[in-house]
Amino acid sequence: MDHGTVFAGTVSVQTAAHADGLVLLELEAPPQFQTAKAGQFVMLASERADMPLLPRPFSILSVGTTLSLGFAVVGEGTRVLAKAQAGDDLYLMGPLGTVYAPDARPVLIVADASHFGTPLGLARALAGEATVVFVTRPSDQRPCPYDDAVTAAHQDAAALALFAETGASVETVALDGLKACLEGQAPGTVCAGASDPVMAVLQQVAEAKGWPGEVSLQAPMACAVGACEVCIRPTRDGRWLKVCEGPVVPLQTPRFQP
Amino acid sequence: MTADLSVTIGAITLKAPIMPASGTFGLGYGRVFDLNRLGALVPKTITLSPREGHPPPRLTEEAGGLMNAIGIPSVGVEAAIHDVFSRYKAFEPPLVVSISGDTVEEFGALTARLDGVADALEVNLSCPNLEAGGQAFALDPDATERAVAACRRATRLPLWCKLAPHAGRPQEVAKAAEAAGGDALILANTLLAYAVDEAGAPRLANRTGGLSGRPVKPVALRLVDEAARAVAIPLIGCGGVFTLRDVLDYFCAGASAVAVGTATFHRATTMVGLIDALDHHCTTKGVAVADLVARRPS
Amino acid sequence: MTADLSVTIGAITLKAPIMPASGTFGLGYGRVFDLNRLGALVPKTITLSPREGHPPPRLTEEAGGLMNAIGIPSVGVEAAIHDVFSRYKAFEPPLVVSISGDTVEEFGALTARLDGVADALEVNLSCPNLEAGGQAFALDPDATERAVAACRRATRLPLWCKLAPHAGRPQEVAKAAEAAGGDALILANTLLAYAVDEAGAPRLANRTGGLSGRPVKPVALRLVDEAARAVAIPLIGCGGVFTLRDVLDYFCAGASAVAVGTATFHRATTMVGLIDALDHHCTTKGVAVADLVARRPS
Amino acid sequence: MDHGTVFAGTVSVQTAAHADGLVLLELEAPPQFQTAKAGQFVMLASERADMPLLPRPFSILSVGTTLSLGFAVVGEGTRVLAKAQAGDDLYLMGPLGTVYAPDARPVLIVADASHFGTPLGLARALAGEATVVFVTRPSDQRPCPYDDAVTAAHQDAAALALFAETGASVETVALDGLKACLEGQAPGTVCAGASDPVMAVLQQVAEAKGWPGEVSLQAPMACAVGACEVCIRPTRDGRWLKVCEGPVVPLQTPRFQP
């Protein structure tokens, strides 16, 4: 067996940047990450005593001399991980999971701030050759239970800026305008990663239009290697799939809660 | 590796006294570390027929440990033999197949089917006995005796009986498993627990779940200590093993080996890390692992 | 204090749903905070005759909680009445005396002696039943029924029955306590556990001990949840209450009040801190504590 | 009841000094400490996530504008407490326990580094009007399981320096010389606090000579207010006493392990 293709151990934080409830980390990149691709993810944990038991899954944003990760502070694990500073050691396991493989252009990326990591990874990989439809949330939502000063508007803006930096052309739209916005697009492939209500709309439009596509899923994870059956999500045909054996799966496979 | 880390569990010799706990292990870990270093390979519990398991959420972090209600989803024994266990044959460590049944008869049928497939069977007695109102087999000495006896009649394979930590009379249950022909005991499965979210709703779809990890270690260690004085067969400690200290504690209490679950989710390489630490410990002290095992099981 | 924090446990009204867990409380805490703010005062379990308890070490920190084997040292009921309980009369909260016996008869005799002394009795059924090979009363529905019935015959005082968390059939035990005349259940006592030191020797002089604190909360919460669906009498949650969240979790699971032990050792003012936090919570939400209690016990 | 006579809450660290396995803390002193006396103790805990569950008992060395505590790093609790820095908050409960009340002079203080706190508190209170017999340990003992660089000789020297600073006249002696050393003294009262082997020798000599005296005891504690019966130690007449209802008790009462 190919043991050793997945790294598991500690790496040091090169830089840590915080803005508007988003945290961007550049980590020492173990050799196993040299061939990592957009869509894949890692399990990450702080060595601090207040870190919860389980590492948390995060998408690989890009890999160069460093491994680039980004996350929103939404709960206890991300709250503790957000304390990471340059020079700290973090526990890292990866790369894990499947990749986006869009085989027809143009690529339409559908994303939101609650799930920006995987699509951002793809936008970076495509180096601008994509259109991003970014779905904003009601601006007064408070996505971070530990910091009431962070509004959804702040976090959305911060995530949007990251997409803009990739050179992609970015359109923003609220959930109620999403259907119309999508119907105005003519993608070769759709690559998505967003909250369930967004995905439910996209799935419907793409099915109607016959667009091929892929989606990256999220679920709480324990093993991240297909062993524990914790990370399951329902499919439209009544089965369950393990997100860690994705996270990228065909767009029409999962069942989303509108 | 310099020290002799091997231990014997009845008829089977393990190259190291560290193995995965059923339900927390799969061949996917082969991408992270060398599975051939483990004492045994233990896939997730299987049942005779396919079953779905519980809906999500299936896991929550509680009290510094985990609470799970996976519900033994299973492809059924036939598919498991062809699609799953066949792939385990590529590895050196013995394959210990964990089995569960709703009835005594199912235990017997599963065992018969696995004779010749596995190197040993782990009889998961913590599952609900549908012939006794859903109470887990392992909570009752009689039910335990009947289930283990059914397995014993169906095979000569070693039977490792996995008991439940909330049995009121654990020594009686342990004796029943031994009397019925059990070759070893695994102590123990998860502790039945409950957790609610901020809205007061159960955190797990199945309402209750099994607590594992650090919080259960003192309870599992007590079961090992009690069983060590009740039965002669070898014991495998299971519950909250994270550090070398935990492994040594189980040895001192009477276990010959340990199974690791939750700690592998915490840090994927925990098991090989423990094997390295044990190797270092034995080398430094100039002893073999067998010398650390406080009890000489028959 | 602005919100109504009162709850009723059968015939008794508590001004707040927070009280000490037996064995972790004494009047010495009166030098640290105002004892009159508590829902009830609960001294350490007493026995009919004087007894020594276990030798030290009696306590160790394990798995983020505590493990104790104090062994119910007791001055005996007569001395307790004259030297201890008399001093509790200076305080407003009801005096709930925790009692333990080696036999059913002892439970009856103790109860008869305390009639007129206490406001309620906590029947500690986690102690060994010497007429049943030392197995704790609370592990067996029949033994529980007999002990509670003996108390019931001896008094009209409210009987709060404190059960053990490792009973295999907790709902049957809960029903037995109710059927025998129990007025409330306290869920639960400590979880039987074991710990060894670096040399492999037991950390406690008594070898095994009772695990308390955060590790046991998910188990005690499960017992409350199960009992809430098995009996009609009120439930008092006990095990790992540290934060307001813990208190609310017990309310959601079906408890009408909680008892706090280990957390008081951690931070001496935990109980009054919880009362303040509950007051703030109720004031902010504009509710009374009784509204937070999910279950309406009869 | 006199609730409020014992403080329980957080206080801030004013200064923290480390030397040779000993830590000296100066803490903000709540009003309840103004009348605290030598012999009394506090329960102290760090608010760090790695602090063990129970606060640890430490003697009050002196109280002025600050509350002065000192401890040796011997286990997990003291290891975490040793991380305290000026400005940190610590949980403090106290003052607790009984006081030394030597009623005849001259006062002989018998101490060792394993138990220096209570006798040092008395030495400070007597402001030099005492003789201290300080019992040293084999110099190569390693009293601190977390720091092999700390020898008993280091720690003994550091504790000795603290006694010397009080102005008391200090004699040092090893355990095997203690009996002879004590027999050369002529105290009005003996006040002691030391490990069991030291105490066993002292008890014997004091009994033979008819010296009155007091000893401060140690034991692991949970409640510190007499409620839990965890802190028991045996007496010579076959009873048990609760150390937190001391810690200062008549010299001839406890039973010590030679």
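Some points to look at:
We call the chains A, B, C and D, going by the order they appear; numbering starts again at 1 in every chain.
As a working rule, a contact is a pair of C-beta atoms (placed from the backbone, for glycine too) under 8 Å apart; a residue touches a chain by one contact, two chains touch by 3 or more.
What you see is a predicted model; the values in this text were computed from it and never measured.
Looking at chain C and chain D, not one chain touches each of them. Centre to centre, using the average C-alpha position, chain A and chain C are separated by 48 Å. The mean-CA centres of chain A and chain D are about 56 angstrom from one another, to the nearest whole unit.
Centre-to-centre, using mean CA coordinates, chain A is 35 Å away from chain B.
Residue positions of chain C with contacts to 2 or more other chains are 64-65. A ring topology is adopted by the chain contact network, closed into one cycle in which each chain touches exactly two others.
By the definition given earlier, chain contacts exist for A-B, A-D, B-C, C-D.
Interface of chain C with chain D (complex): residues 23-35, 44, 52-53, 56-59, 61, 64-66, 68, 70, 73, 90-91, 213, 262, 264-269.
By the touch rule above, chain D contacts chain A in their complex via residues 48-50. Within the complex formed with chain B, the chain C residues making contact are 62-65, 67, 135, 139-140, 165-169, 191-196, 198, 200, 207-208, 211, 214-219, 221-222, 224-225, 240, 245, 248-249, 251-253, 294. On the side of chain A, the complex with chain B involves touching residues 1-6, 8-9, 43, 45, 52-55, 91, 93, 219-220, 222-230, 232-233, 240.
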